[in-house]
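Structures are listed in the sections that come next.
Below, subunit A partners subunit B and then partners subunit C, in two separate complexes.
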Partner chain A sequence: MASVSIARPRRLLLMWPLWPQALLLFAFFVVPVLFIGFASLHDKTGVLTARNYLSFVMDPYNRAVIARTLLIGISTTALTLVLGYPLARAIVRGPRAARWFLSAAVLFPLLTSSIIRSFGWLVLLANNGLLNDALHSVGLPKVHLIFNSIGVTVALAQVLLPFMVLSLANALTNIDPAIEDAATTLGSPPLRRFFKVTLPMLVPGILAGSLLVFAIAISAFVTPALIGGPRAEVMATMIYTDATQVGNIGAASAASLILLAMTLMVVTLYYRVIFSESHDSSARPV
Partner chain B sequence: MSGRISRLVNKVVVGTIVMYLLAPTLVVVLYSVYPSAYMSFPPHSITLKWYRHALAQNELFLNPLGTSLLLGLTSAAIAMVIGTLAALGLIRAPLRHRSIWQGAFLAPILIPTLIVGFGLMLVFLRLHLLGTWWGLVAGHVTIIVAYVTQSVSASLAGLDPSVEEAAKTLGSGPVRAFFRVTLPQIAPGIAAGAVFAFIMSFDELALTLLLATPQTTTLPVAIYSYVQFDSGPTVAAIATILLVITLGLLLLLQRVGGLRRRTH
Partner chain C sequence: MRLFRVSMPGPSDSTVRLLPNSDHSESAASVQETRTGPALEITDLTKRYDQSVAVDSFSLKAGRGELVALLGPSGCGKTTTLRMIAGLVEPTSGHIILEGRPVDRVPIHRRNIGMVFQQYALFPFLSVFDNVAYGLRERRVRKDELRGRVLKMLELVGLSGLEQRRTAQLSGGQQQRVALARALVINPALLLLDEPLSNLDTKLRERVRGEIRDLQRRLNITTVFVTHDQDEALSIAHTIVVMRGGRIEQIGSPLEIYQRPASTFVADFIGACNLVPARVAAVEDGVAKCQLVSGALATVPGDNLRPGDGVTLAIRPEKLRLGPRGEGGASEGVSGVVRSASYLGARTSYEIDVASVILRCDVQSESTPLRIGKAVSITWEQGAWQAFQ
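This part shows the complex of A and B:
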C-alpha cells in the first residue's frame, strides 16, 4: 500500500481530519475512564486501597444486585428469543403484504424515547394500572409487576426485541425453505423438524442476537430506574445512586469498571460471532 | 384442516407480539386524552385539557423543552463538524491500521452513557466545571458524535474518489473540489447523522442526570423526576408531544434517505 511508504510526520499531517474527534474522545472519554479507575483504587480519605473491589464482591447486598442484573439480562434474552422467532419467521416467510407492517412494528419501540416507553409500562403494569384493572374486573387477583425484576424484564424485552428479530431474520433468510419442505415431505413432524433441521442452522443468528440483547440489558439504566426502582436495583441504578452520594464514589467507580468490563466482553464476543459468520457465508476465493 | 388451524394460531401469536410492541406507547397517547386521571374502559369522552395543563407548566415542561432543544442543537451541530471530519479521515487518510481506528472512533456507541457521565462528573468535579453548560454540551457531543461519524463514513464509502480527483485535474483547488464535488454527495449522510445525533441527545437521561443542575434540567430529566411522585395524565400529554417531535424528525430522516443507507 502507498500509505505505508509515506513518512511519519507527513502522515500525521494528512491525518488532520481525525484530530478533533481523537482529542474529544481522549479528553471526555479516555481521561474520565482513567479518573474512574483512579477513584476505584482509593478510599474516602485518598488512601490507596483495593477495598472497593473486595467489598463489591463480598457484600451480600452487592452480590444480590449483580445476581439480579445477570438474571434480568438472561431472562430478557430468553424472552426476546421466544417472542422474536415467530416474528422473524413471519417477516421472512410470511405474506408480502404483512412484511412491511411487521417490520415497522418491530422498529417502532426503538424509535420512541426510552422515558416515554417506561412511563407507558408504568401506566400499564402499576398496582392500580390498566392490567390489574382488567384482571380485577374479571375477578382475578392483582399481580405485582413493578418494583421487581419481572416488570423490568417485560419492559426491557419490548425495546430489545428489534435487535433479536433483525439477527434471527438475517439468519432465516440464509436458510433455503426447500430444506424444511424436504424434512416435512420425508415425514418429520413440525416440532422435530424445528429442532433437527431449522434450529441448528439458526445458531449463529441466535448467538449474535442473544449477545447483543444481553449486553444492552445488563447496562440499561432508564427502564430499571423507573420500573424496578430502589427495590429492584441493578448495577446501573446502583452506580447512579452511589455516584450522587459523596461517600460512595469509590464503590460507584469499582462497580462502573466491572460493568464496563462485562459489557465490553460480551460486545467483543458479539463481534467475533458476526465476523466469523460473514466469513463463512461469503464465497471463499480459492 | 390442521394447516388452517396452525396458520390461525400463528396469526394470533404474531398479533399478540405486535400488540406487546405497540402497547406502552399507545397507552401513553390514550392516557393523554383521557378525561379522568384514573383510566377505565371504555372512555366516555376525550379531552385536550391535559395538553393545556402541560403547556401551562413552565417548570415541568416549557423550560426543560427549551433546554433540551438548545442542548440538542448545539451538541448536534458540533458533532456534525467533528464527525464529518473524522469520517473523511477514516475513509481517505493514509492510515496503517484502518479498522482499529474505525473501531476506536465508533466505540462510544457501545459504552453505557451512565459510565461516560460518571467519569465526566469526576473530571468536572476536579476542574470545578461541574454543572456548567459547556460541560454538559461536551458530554452530549462525546456520546453522539460517533453516530455522525458512522453515517458519513457509510456515505463516503459509497463514493468514487476519482470524481474529486477529476475535478482537481480539471483545475479545481482541493478545497474547491471538496466543497463543489464531494460535499454535495455526502450531504444526505451528514444530515441523517446530525438528525440522529440530535435525537440521541434529546432522549439522553443517565449522563444528563449526573452533569445537569436545576438550571440545566432537560425534558427527560424533568419527566424522570416528576414521574417519581406523580404519573398523571399531564406527563402523558408531555410524553405524547415528545413522541410527535421524535417521530416527525424520523420522518424527516427518512426523506433525507439516510436511514436506509445506515442500516446496511
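This part shows the complex of A and C:
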C-alpha cells in the first residue's frame, strides 16, 4: 500500500480535512467525558472514591432503572424492526408513487419537535385520552399506557422508525429482486422465502438499524421524561434528576458513564458481527 | 374462456430421464403425465399495464425437448413473456398449459419451472452445494438422495470439487453454471433462461451457449430462452420467436427466419440486410420484376404483387457478388462505386454506392481489397431478393 511508505507526520498532514472534526470531537466529547469521569470518581467534598459506582450498582432501584432502560431499548428496537420492514419493502419495491409518499411519511416525525410529539402521544394514550375514550365507548376496559414502559416504547418507536426504515431500505436496495424470484421459482412460498433468503441478506441492515435505534432509545430523555414520568424512570431521566434536582453530580456522572459503557458495548458487538460477516464471505478456506 | 384439459395418459413418449430419481411427490405423476400434446402451450397471453400493452396475444406451442428463443430488441416484451410463463408476472389474459396442465392458477412455487436469471441471482450467503440443493430441500428430498442429485448435477455442469466454494469466489462462467445446475436439479417441466449469456465476455459466451445447448438436448428439457442476440438465437434454438413492440413478428426455425423473414423488421433484425425501395414493373407466372432506383431489375417471387406497387426489396449482404464493371454475365446486376471497406478477417464488408443508395456487400477477403472509389458491378442470383409490401 502506498500509505505505508509515507512518513507518519506527513500522513497526518494529508488528513487535514479531518482536523476540524477531530478538534470538535475532542473539545466537545473527549474533554467533557474526562470531566465527567473525574467527577464520577470524587465525592461532594472532593475526595477520590469509587463510592458513586458502588452505591449505584448496589441500589436495587438503580438496577431496576438499568433493567427498564435496557428493556425499553430492546422492545423499541424490536417494534421498529417489525413495523419498519414492511415499510422499507414498500419504499424499495413498491410502485413509484407509494415510494415517494411513504418516504415522506416515514421521515416526517423527524421534522417535528420531540416535545410536541410526546404531548401528542399523551393526548392519545392518557387514561382519559382518545384511545381509552374509544375503548370505553365500545365497552372495553381502560388500559394504562402512560407513565410506564409501554407508552415510552410506543412513542420512541414512532420517532426512531425512520432510522430503522432507512437502514432496512438501504440493505434491501442492495438485494437483487431476482434472488427472491429465484427462491420462489425453486419452490419457496413467500413466508419461507423471507426467512430462508431475504432475512440472511438483511442482517447488515438489521444490525445497523438496531444499533442506531437501541443506542438512541436507551439515551433518550424528552420522551421518557414526559410519557414515562417519575414512575418509569430511565437512565437519562435519572441522570437529569440527580444532576439538577438532587445535585449529586458524582452519582449523575457515574450513571452517565455506565450508560455510555452500555452503548459502547452494543457498538463493539455490532462491529464484531459485521467484521466476522465480511471476513467470512471474502476469505473462507476452500 | 378457460381451457381445462383432462389429463389423458397417452402412449409413452419414451422420454429418457437422465436424472436418476425424480421427486417422490411427482414421480408417480410424471409417468402418468407423458402425453402426446405439446409440452408447453401458450394461448393469447397478454399483459397490459395502465396505458401500454407490454405483451399482446402471445401464442406458442413447444414440443417436449424443444429449445425456443424469444428474440427481439429491448422493450419488445420478451422478458415480460418469460416472467409470465414463470408466474412472476401475472398475465392480464391468456392461458398457459404446461405438460397438459393449465398453470394459470398455480402459484409460482408449485409450477415446477427452473429459471436462470440474467444476473444469475445466486444466494450469496450459501455455498455452491447449498445453492444447488435449495430447490430439493424445498421439495423435502431425503438427505442422501439430495446429496447424490446435487453432486451429479454439479458434475454435469463441470463444477465438481467446487461444492464448498462461496458463490462470490466463482468466475462469471462458473456462477452461470451454478445457476443452471440449481434450475435443472429439480427436474423442472420447463427451463426458462433470461438472457443467461449477456454477462459473459464474447469468447466465453460462445462456449457457454454451446454447453447450454448440449445440456438441454441431453436432458431433453423444454426450454424458453430470452435473448436480444440474434447469433445466440440462430445458433442454439430449434424455434425462434421474433418479437417487436409486444407482438410476435414471426415464429420459425432459424433457417426460415433467416432465409424467409416475414417482414422487413425481421429481415433487418436477424443478420445484416440491404433494404431498398423499388417498384413492381411486371408480374408473370408468380414472378415479379421489380425496378430498383438505379433502374436495374430484380426478380422476386411475388404472387400477390401487382405492377406499379411500391415495395421494399431485401437481400443479405453475402448474397451480393462483386466484380469489375462490365462483368454482368447471365445474372442480374447493377453498377456502383466502392464507398468503404471493412476488413473482417475471413470476409470483407464493402459499402457500394449505387445511384446514392448504399448496398452492403460481404465477400470473401482477397489479398488486396478493392480500393475506395473503384467502379464495380454487383450481381446476384435470380430470386435472391425478397419483396415486402
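Everything that follows uses one rule, which is that the second predicted complex is superposed on the first by the 228 of 286 C-alpha atoms of A that agree within 3 Å, B and C clash if a C-alpha of one lies under 4 Å from a C-alpha of the other, contacts with A are read in each partner's own complex, and residues count from 1 in each chain.
Keep this in mind: a contact is a pair of C-beta atoms (placed from the backbone, for glycine too) under 8 Å apart; a residue touches a chain by one contact, two chains touch by 3 or more.
Note that the structure is a prediction, hence the values are computed from the model and not measured.
In the superposition on chain A, A:45 makes contact with neither subunit B nor subunit C. When the shared chain is aligned, subunit B comes close enough to touch A:119, but subunit C does not. Of the two partner chains placed by the overlay, only subunit C lies in contact with A:200; subunit B stays clear of it.
Of the two partner chains placed by superposition, only subunit C is touched by A:181; subunit B is not.
Of the two partner chains placed by the overlay, only subunit B lies in contact with A:225; subunit C stays clear of it.
Residue contacts after overlaying the shared chain place A:189 against subunit C, while subunit B stays out of touching range.
Once the two complexes are overlaid on the shared chain, A:161 sits against subunit B while remaining clear of subunit C. More residues of subunit A are touched by B (comparison of subunit B with subunit C). Taken together, the two complexes place no residue of subunit A in contact with both subunit B and subunit C. Subunit A contributes residues 176, 178-179, 181-189, 192, 197, 200-201, 281-282, 284, 286 to its touches with subunit C in the complex. The part of subunit C that touches subunit A in the complex is made up of residues 86-88, 107-115, 117-119, 121-125, 134-135, 138-139, 164-166, 168-169, 179, 182-183, 186. The residues of subunit B lying in touch with subunit A in their complex are 6, 10, 13-14, 17-18, 20-28, 31, 38-41, 81-83, 85-86, 88-90, 92-96, 101, 104-105, 108, 110-116, 118-123, 126, 138-139, 141-142, 145, 149, 202-203, 205-206, 209-210, 220, 223-224, 227, 231, 235-236, 239, 242-243, 246-247, 250. Residues 2-4, 6, 11, 14-18, 20-22, 24-25, 27-29, 31-33, 35-36, 39, 83, 86-87, 90, 94, 102, 105-106, 108-109, 111-124, 126, 128, 130, 133-134, 155, 158, 161, 190, 215, 219, 221-222, 225-226, 236, 239-240, 243-244, 249, 252-253, 256, 259-260, 263-264, 267 of subunit A are the ones that touch subunit B when the two sit in their complex.
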